[in-house]
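The next part holds the structures, each set out as structure tokens.
Okay, so chain A shows up in both of these, paired with chain B first and chain C after.
Up next, the complex of A and B:
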């Protein structure tokens, strides 16, 4: 049996292809692949996060991305302590959908913590990133812990978002 | 295309050599046959052959018709210029009839140098010209050239390879892959046929030189290959795998059948009969029950999972399982699967739950209630009793800890402690669960057995309790008795009220004492005294001293005069004998003496030779001559006799009358008797019993002195009756 005291469920939510699975892979397996594989249903990973002096086991539910044909499964969101809502900076509509995802998550988990990950920073300019970061709907501190430009490819800010979320939900 | 250019120049160089050779040939003898010229040409052309092949590899069209290339690139002008350069070496030959300047020079030379020979030379040149033309034709016309080269091409290649194999290899190497590619594209079947013979040995070689490589290469395709094979020919695949799968299944089935056999053999045993009853009660076949018993159920793990988050609340895993399950992942995925089923399969408005996931011989049983659900991973056939146990446990958990479960936030510390034991109890119950499946039959059966055992046992133990109490009483009494405590006597209570004493004591006194003590401590009990009085060898010196002491002591008593003879027999104590001799006056003394010596420890046999001697009575009652009346003075003596008689009540008294010798014997006898009778009568009057008194007359006079002869004497004797 793993020697841990506390486990928490977190979810990765976002449109299809924004890089949710890649963020998890980068965080859990320390690896990245360019290959795109659609997540079907949900993929669960776990990772022990050391938050001195405690350690927290994150059970990361990497949910199937939503599309206009299929919404995020509400039951999969149940019981989550936090969520990382992911958008693809190179696809504007995924950024636009962030607010919907935040709303959905908070409806099911009103006390849930949220971090927004603006993924694929390696594909866009810093100006574009700054512009998205300024969006008013992403700057509501009552709902969102922070907005982070991330890159699963380079690993930028990936550990930070998971660790920050872990600290917040502990 | 650099290569091509180099090849071209090589080809040209070949041609040049050819022509040069022709020149030489000419100067040697222009009448040489065409065949020999052909030979030379062939030999030269061979050198360009590999090059043509190379070109063929680069450009497929060239390969198919290699001589096109020559056609295109080696034009006539080029050759002519070469021929021009050749001409100085063969200055007398008119090789190029088109050139007018040369014609003129040749004509003047002819007339100057050769004269009559010129005609012959001219004819020869013409012949040569023909030959060259033929040769050119042969060279430039691919058809002809092919015809020319065909018979010898292999030979040429063979010669070249044997002479310079490295060169050839080097020349071909850069394009050999392309050659193969092209060839495959052109005629895949032929190429396959060509390569086929070496494929297996090539793979074998590769496996040998780099083990694992080939496996790595084909591994990803293995699954597909097997699937394909199954699709094509399932039977072959089954046959191939049969020895493995067959064995595995056979082994398992053999064990199961063995168990079944044993159970069938037990048909008429208690177990068998019980199973028959169970089968009837449950309404299933006996065979099914046997199978269930033969394939035992094992719980691998029990997880209590938070319904919404899929987090583990508590878990118990079978320590005997081959592998420990990753509980967090299992819980998460199970939760996801449940959600999936709820979302996608369950019809809206119809509340249903996933209750089981089967995989092979195992299954995951899911039982949901409240805010959590139980997942039980089971190998084998589940039984209704297990399902019931699971439900009961979950009910208890939900009803007792509903709030804690609902608010579970992943903190295992916050989980109520009784939950884990509750899960463990499922485990324990399953392990302890007899193979029976019907709890009621079992309960009744066990109840009967318990009752059947408990009642007699209760009675028995109550009696045991009483008996041990009694025993304790007696034991404590015996052990607190100072004389008995050292002998370690055993006390057993038999049949409630009978106390049996066992052990050894040195004498019967102690044995009797033990009985008395036992009775005192347990007045209601009967005592069975089995104590053995063991004779302890007494000290012979002490015994002798004691004998002497007793002897002395007895001799101090009036009327006892004895002596003793004691000889200890050390070999056999039972023969220790004491002989008492001597005399006593009294019969009572006789017995007293015997008893006194018998009591001395170490004396086994008492031989009493004591004689009882009556006391002498010296009193005489004197009478006057011929007179039988007792005088007053004499009568007082009779009072003494009376006292003696009272003292020795055992004795009879002989009263013997005497007379003097005066007178007739008749008279004397008569007077003697009457004197005795007179004394007797006196004594009777004094109170003595007549029976103790005997009066007799002595027939003879005791002495000559008449005064002293007229008397009555007395003698005591033991009662004869």
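Up next, the complex of A and C:
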């Protein structure tokens, strides 16, 4: 047992530029920057989440985004209890890749919990969001806890996705 | 850790940890804390996961290595964010023994600083991702634009300045019947030979285009220039819509409108004919009634005859009004523009209706702002028609009180004409209906006051024709103000006010009249001519003025207040009404005074003042019965085919003392003329054998060689203005419309007898 707290590893997975780092920064540091800074490797942040009566230390692995030339590092996914799979609503191909990321994560962690974050809601219309939410591949309750339109810029639903995942993996 | 490994790791800057199967640190290199997340927790005997959180969750993997399930594990690119400088590390985890054993289990974790490599990788990835994001954004924008072009329902064509087609959307392909590849890079002349390069952009042009199947379309294009950074290579974009069907609809509409207009003209002609057909027998009815009224009758018979006469006249008015309105609505009436005397026009209307007003004991005053020009350009007849309507309504609906006709400048329009009465007034609910045809305030009004309800509708149409405004303000029980504002030019300075101004400067005028409006009217006019004006509303005030002031130069007084002895030695103008009582009183009065009938006309008032002040022979200007010269006996030829009308007219003419011969048609007229001569020919226009126009033309032809000219007066039931013009054009001298009254024909004969 490490420390006196329960610690769990979760990963943020998705294409490059979908806003994974921004979601973590919003959740952990309560801040946001419009400037794009590519993550390489992995950045691990700690955040204590109170889930009455317990508290849980989340070790949040912000993974380098996948691109045409570089896939997600499987080793980094090892041992994760859950994942937030992120897509950028303003880039259709990132939504299309969600299914691949879900599959990759579950292959390595068959019992892992998944939440899908449809990020950057501030850039698109509510009709477009509703359209994506209806996609059948995102509506499999055996794999996915929920699909949430989020905005790291406005903070919409950011705390909810982390908290919901924390409760599920505790 | 043996010395050899330490020696190998040192030059590479690598550090290591040795951990037990419980993940406790059992050995470590000196600098390994540098790579920890929490350096303080890295001590021998401590859990390695406290300082290196990337190991949390990796426990199963570590156990597999420890027990030989797998050989090693690499964790690459772990970023330490707690450092001042960026730090990236790679972790290599291996089993500590060649053969796993139960006694001496341990794991070795090697740490390597890969910051330089990772920073380079970051910089490369950053650039590559930014470029990819930009491309993605551009692609999305381009896709969206392409979708717009494709989805656009109108035909879109992009053409280079030299006329080559660069882009064409599906709507354009469908419109012209070509495939995309058949048009791209082809000259625009393939679809239109018209000039489609306007001088200025954006511009809308309508051109004929040819489809692939050679059929012709009319397309309306809006064309604009696509501005680019490089000058001179701007393309042109055309968005076109097929107008062929719309043009066809427009053409059909025009056709329908023409037909409707023709139908309307036919209707109007029908009405005019109807009116003519009705007028002819009406002439008989009214004429014979008039003749009958002139015979000896029992009182009851006379009453009935009066009834017939009144009803007949009312019927004639209704026919005239319906004809007027139908012509106005058919757009057959035009507003004319000619110079006329504003004062004469208004005062003539007031004069004409004054006997009616005075007969009801109503005061009638007409005030024309002296600053208005006398001469106006416009349609006098139509203005007169509107004012006559207003004024006769005012008289009709006023039982007690006064009526004022007010003509004033209207800053917005030109000149405003108001008729203000103290009549029954109109309620707010019915006031809006007033100007629509066949509408009176309510049915009880129609019953009590009569009329067709067409008068104001006609006035409205006439006003619109003259670009004016018409309206009414009214209060039930208090009276109404009907007004019309017409766009007359009031700026030309022909007002004779300037020439009259100050001509009576320094002279005093005393106005004695119980009627406030009359005093105001006389004062206003007189002051504009330079008089000092004093007013007295009764005898006492007049006497008081005379006792306290020097004698005035002139007194204008109403008849009832004229018998003040103190006035006897002064020049006096007595204002009378046109009712029989006043006239009798005026005639009975033996004085040196001048008489001026109400309503007061500006020019008449001025003339009377001049006479009263300067005439040294006052007896000449007393009211004398007019000397009527005995009328000249005329030899008249009556051309008329209707027997009843022959009888009416000939009896009338004979009663007036003239001799009459009758011709049934034009040919008979010519025959009679060959043996006789006549002072005047009364010529019906529509007669069998030879009509009035042709007959007149022949007479004029014959007379031209003989060097003489017989007066020919047209008598016709056609009441339109064009008919009158036709009569005069065919050589007739004047025009009398049927049915005519004794007074009208008498006046007409008098007029021409002089010549």
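Keep in mind that, in the parts below, the second predicted complex is superposed on the first by the 166 of 170 C-alpha atoms of A that agree within 3 Å, B and C clash if a C-alpha of one lies under 4 Å from a C-alpha of the other, contacts with A are read in each partner's own complex, and residues count from 1 in each chain.
As a convention for this text, contacts are C-beta pairs under 8 Å (C-beta built on N, C-alpha and C of every residue); 3 or more make two chains touch, one makes a residue touch a chain.
Computed from a prediction, not measured in an experiment: that's the story for all the values here.
In the three-chain model built by superposing on chain A, chain B clashes with chain C.
After overlaying the two complexes on the shared chain, residue contacts for A:17 are found with chain C alone; chain B is out of touch. Once chain A of one complex is fitted onto chain A of the other, the partner contacts of A:33 are absent, as it touches neither chain B nor chain C.
In the superposed model, A:91 makes contact with chain C only, not with chain B. With both structures placed on the common chain, the touch criterion links A:64 to chain C but leaves chain B unconnected. When the two structures are aligned on the shared chain, A:139 is found in touch with neither chain B nor chain C. Once the two complexes are laid over each other on the shared chain, residue contacts for A:6 go to chain B alone; chain C is not touched.
Look at A:41: by the touch rule set out above, it reaches both chain B and chain C. More residues of chain A are touched by C (comparison of chain B with chain C). Shared contact residues of chain A with chain B and chain C: 2, 7-9, 41-42, 44, 46, 59, 73, 75-76, 78-81. The part of chain A that touches chain B in the complex is made up of residues 1-2, 4-9, 41-42, 44, 46, 57, 59, 61, 73, 75-76, 78-81. Chain C makes touch with chain A in their complex at residues 37, 47, 49-50, 53-54, 56-61, 73-79, 81, 88, 118, 121-122, 125-126, 128-130, 132-133, 136, 140. For chain A in complex with chain C, the residues that touch the partner chain are 2-3, 7-9, 16-17, 36-38, 40-46, 59, 64-65, 67-69, 73, 75-76, 78-81, 91, 93. Within the complex formed with chain A, the residues of chain B that make contact are 306-312, 315, 317, 324, 327-329, 332-333, 336, 339-340, 342-343, 409-413.
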